[in-house]
Amino acid sequence: MTDIDNNNERKRALALHRTMLSIRRFEEAAEIAQRDGEIPGTLHLSIGQEAVAAGVCSALEPADLITSTHRGHGHSIAKGASLSAMMAELFGRVTGTCKGKGGSMHIADFSAGMLGANGVVGGGLGIAVGAAQGLRVRGSEAVTACFFGDGAVNRGPFLESLNWAATFRLPVLFVCEDNGYAAFTETARLTAGAGPAARAESLGIQSMVVDGNDVLAVADAAAAMVERLRREGGPAFIHAQTYRLRGHTIADQGAYRDAERHSRQELRDPILLMRQRLTDWNLSQDVQRLQVEVETEIAAALVAAREAVFPEPASIYAEVQDIGAPA
Amino acid sequence: MTTQTVLEAVRDGLAEEMRRDATVWAVGEDLHIGGLYGQYRGLISEFGPDRIVASPISEAMIVSAGLGGALAGTRPVVEMRIADFALSAIDELVNQIAKARFMFGGQARVPVVVRLPQGMVTGSAAQHSQSLESWYVHVPGLVVLAPSTAADCKGLLKSAIRCEDPVIFIEPRAIWQNTGEIPEGDHCVPIGEARLVRKGGDVTVVTWSTMASVAHKAVEACVETGTDVELLDLRSLWPWDTGAVFASVKKTGRLLVVHEAVQVCGLGAEIVATVVENVHGDLCRPPRRLGAPRAPVPFSPPLEAAYRVSQQNIEQAIREMVAP
Amino acid sequence: MTDIDNNNERKRALALHRTMLSIRRFEEAAEIAQRDGEIPGTLHLSIGQEAVAAGVCSALEPADLITSTHRGHGHSIAKGASLSAMMAELFGRVTGTCKGKGGSMHIADFSAGMLGANGVVGGGLGIAVGAAQGLRVRGSEAVTACFFGDGAVNRGPFLESLNWAATFRLPVLFVCEDNGYAAFTETARLTAGAGPAARAESLGIQSMVVDGNDVLAVADAAAAMVERLRREGGPAFIHAQTYRLRGHTIADQGAYRDAERHSRQELRDPILLMRQRLTDWNLSQDVQRLQVEVETEIAAALVAAREAVFPEPASIYAEVQDIGAPA
Amino acid sequence: MTTQTVLEAVRDGLAEEMRRDATVWAVGEDLHIGGLYGQYRGLISEFGPDRIVASPISEAMIVSAGLGGALAGTRPVVEMRIADFALSAIDELVNQIAKARFMFGGQARVPVVVRLPQGMVTGSAAQHSQSLESWYVHVPGLVVLAPSTAADCKGLLKSAIRCEDPVIFIEPRAIWQNTGEIPEGDHCVPIGEARLVRKGGDVTVVTWSTMASVAHKAVEACVETGTDVELLDLRSLWPWDTGAVFASVKKTGRLLVVHEAVQVCGLGAEIVATVVENVHGDLCRPPRRLGAPRAPVPFSPPLEAAYRVSQQNIEQAIREMVAP
């Protein structure tokens, strides 16, 4: 257990809580905006899974890189992407991280080392490993973290990228964010063997299983793994067991879910757990302050997104390619 | 006649074929709860988990299941969920399924249907929207279908399942909820025949899939202002109905091909090239194509609107082609 | 050790030896014919690896199915494909298994349950699993065996097909024919972790490692595995460690090979080992009889191939597809 | 000028760029021993295993290494060994590499070169022979090159490596050993310009890659018998040199496009369609295409011979086009 008399530890705990709150409130706001017709398309929300993004990214430096999934808001926020640029992207505005061209599923903030959400399950795995190889060519010491879901472990790129990272000893932290479901299917039904970490171990990759709803546990595991990557090279693997409190997409009511499991998991909401802990440590006032701060930021992001203009139609011809661009 | 949505029509079509032939089975993600759009709803309770196989997220293996299953004497229906995800199984589709019969000297038949719900829907952006039918038409060994109405979706799905060749079955994802009249009984639509949507003498418009209804509206608007447009919904992209297209162009002397896919190297190029090679002398105007710009599909609504081939684009092209 | 007083065991040993001899002499004949310009294109020879094909296929019934690799002559012969049709195929003749359309890399004999060699590394894995699923739909009890090389274990289809077979408990025998090299690379350099069997185990698949140059060991392992597949469903995994005595293709001199390892392995030639054993068992006379028989068959196959006609040019338009065939 | 094989020219081209720019690196199977054809021979001793990366057989990851490496600020050169193997990495190429810049709103650049040794060589059959350049031309975001001479292979490879866009670099696998004159110095060939192989006034022949030398022989034979053929080697397939092609067609009034790929939905269709849309009035004959039949590539020599577009096919087409 963290020693809360220690000022650094207290700061760290509050920072992690703040990150989780930002993610939660960002997505709750987006959820409403989507239902109100302000955000086009669908959304994949990570509500309930915030501890994984917050914990892992707390172990990273700004120069480190991450790749993400279709459910990428949390990873982006935790890595330091701008809330207002992200919200504007969801709204399809020109001030968005991707100038309105990408939307939720392609949210990215390269300035924060966030190399993009991805519409292809498992799509980020190879990119992370390739980025690590590129960093090596450049002589950089940065590490790369790679988030992917429990569904991605049954896709070919999982094997190819883990084997590659292990073969070349690239400093990649693989993070399997296991929320129990792949779309409308309980993943355990279709994932053979002892689970993701066993697969990584069979490839010679050191692995840990952590409670993905305990942000301190995730942060500690990630810090230990990242420290080792920096010291000895990589890769390393974390299987973070969490739970998706919302549907797969915003339209999904989750009819396929086990009701009892769901109620149990609602009580294990990572933000609830952390708030309880912070309260036990007599930090309720700080928690309330953080809530107000985050609320203000989200409100500002919403206002800015609403006020921003849409991109010019002609921008579909821009940023495709320099040579042979569409006319 | 009954009225059904496209979704209901294809669900019934598959169920009818599964009842008819015990070697027909389906495989894809989330099929146990009816598939992403509900097009498999209820089938698992009738046919059980060995014939409605809910798979892991393993696109390459899903397609291989179809190939291997066919080589072992069954007739698999392979669900890709969204056409873009087939890109993770292109080797299996193109290097294996399409070639197996030929390279094994006729020993193998591969009666697989690969279902690709394709095209743009609001906000689905670059990785969930692209139309690649011209790729499949380029690949020897494949039959390629792209119906647009509920009746054709049902009737061509049934024909595809009975077909001895592998079939790429492109489904109009944006219009699952459109309704149409379905003929009673064992409704099969022959592969290779275009649907004549409207007869006309001034200009020939050729299209397919989701663009058929957009083009239809444009054609009706042009007809109202006095242009007698002939509209063909190709339905079958390989083989495509050269007979119907040539005959129409001979009559009108004008050809406009409209598709949702990127224009450059789209199927429109093949149609235009084939027409000029064969009935060049009958053209009184250069043929035209309307397709998407050579850019990825954007997210933001005004960009999407600019990107799409619209009813207005089609009307304008038709008017320009008949302008004196 | 096999009890050689037992008549059945003696017959079995001789049959296995005969299969290995057929493969060896078939490929040696093809090698010469290719060098003489009678066989177009290149060849991937399995000389040195015959025990794997012979041993595994000895456990299969005619109704069982196999899939193969680019190095598929041995698997085909062991599964019962016709030598003369195979030789004719290599020669590009119309009497070939594929009417001259496929050649060595696409050799197939569906009448013998041999679903094809494959030009794509790992291409046969998914086909085997799919075939097993098709057999289940048809209510068949047949099993499917799947040969693939040590290089294929780093490709995505390896993961997807093993996970799938395990999830659906399909009776598939996965056979990793590990000849030490993937093309011009020692595979161990680029394969992370404890090896192919560990990967299979991590997916919950029961595995064995066998001496792939000992045909009796392979046959026993395969028999045990196949028996279990028939009884309990599958899958199962064999890692057969063997060695490629020739180059990757017929043009390859193997300059990248470790010379010492190579000489050691020459002495472990599976046919040498088995002949030694049969001699110890006083079966030299039978061995000589088999050699003569095989020699005669190969000679006949060569003659038949040379005498056969080439396919008609117009046959490129046939067997492409019924609907929309090329004109 | 020095004389080199295509193989030597591209090896030198890569080495020069690697010396020029420390962020250029290469990745693919067996690169440590010089690659399948020797086009990387000697490079590992000069540049070491971090810049000449010999990879596992993991095509999807090989292409991802290029993508990720580019996003991390380097300029990867990705070796596919034989073009067909890229089919195992199409998702990475098309859904990721081609779209990254656009869908991330310009934050990312992906200066990757993907090398595809493409086409038929004797006896390599269905899975090691196909030409799919029209697929890549259809994909927004990609530059597509297909040079045919040693000098162009070197000069365009160097331009490709310096290009900020992802480049599909199709190499003429059947003619690695052909020799040609290489200009001295830093020889870069501009992307987008056709090579005028022969000036002529009667008929325009447009081709690229391995067909360029076959077409050249056919053209020479026709010239001998009095037909003044203009031959353009496109070299750059996207963008392609519409200016040169239009100008030539305006002069000759006749267009023949020749490619090794399957004719149906090949790049020839796009060229013919673009030409008729733009310079229809200048054509005195219907344009023609010569490509492979819509069948997989066969193994047996007489079948291969019947399958290929031959010098004779090209001569005959030219003669038919100028017949009165």
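Order of writing sets the labels: A, B, C and D. Residues in every chain begin at 1.
To be clear about the criterion, a residue touches a chain if its C-beta (ideal position, glycine included) is under 8 Å from a C-beta of that chain, and two chains touch if they have at least 3 such contacts.
Keep in mind that this is a model prediction, so the values were computed, not measured.
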So which chain is the furthest away from subunit B, centre to centre on CA atoms?
-> C
Between A-B and B-C, more C-beta pairs in contact link B-C
Express in whole angstrom the distance between the two chain centres, defined as the mean CA positions of subunit A and subunit B.
-> 36
Please work out the Cα centroid separation of subunit B and subunit C, and write it as a whole number of Å.
-> 40
Averaged-CA centre spacing for the pair subunit D and subunit B, given as whole angstrom = 30
What is the distance, in whole Å, between the centres of subunit A and subunit C, each centre taken as the mean of its C-alpha atoms?
-> 46
Contacts with 2+ other chains: residues of subunit C = 98, 100-102, 106, 118-120, 154-157, 160, 163, 167, 190-191, 320, 324, 326
Specify, in ascending order, the residues of subunit B that touch 2 or more different other chains.
-> 55-56, 58, 60, 84, 88, 91, 95, 102-103, 125-127, 140-141, 238, 293-296, 298-299
Sites on subunit D touched by subunit A in the complex = 22-23, 25, 27, 50-51, 53, 55-56, 58, 60-61, 63-74, 76, 91-92, 95-96, 100-108, 140-143, 163-166, 191-192, 238-239
Considering the complex alone, what residue numbers of subunit D touch subunit B?
-> 84, 87-88, 90-91, 94-95, 98-99, 102-103, 125-127, 132, 134-135, 137-141, 238, 261-262, 264-270, 272-274, 276-278, 280-281, 283, 285-289, 293-296, 298-299
Sites on subunit A touched by subunit B in the complex | 39-42, 92-93, 96, 98, 100-103, 105-106, 118-122, 151-152, 154-156, 182-185, 190-191, 255-256, 310-317, 320, 324, 326-327
As the complex stands, subunit B meets subunit A at residues 29-30, 32-33, 36, 54-60, 84-85, 88, 122-128, 293-296, 298-303, 305-307
Residue ranges of subunit A in contact with subunit C within the complex = 154-160, 162-163, 166-167, 189-194, 198-199, 201-205
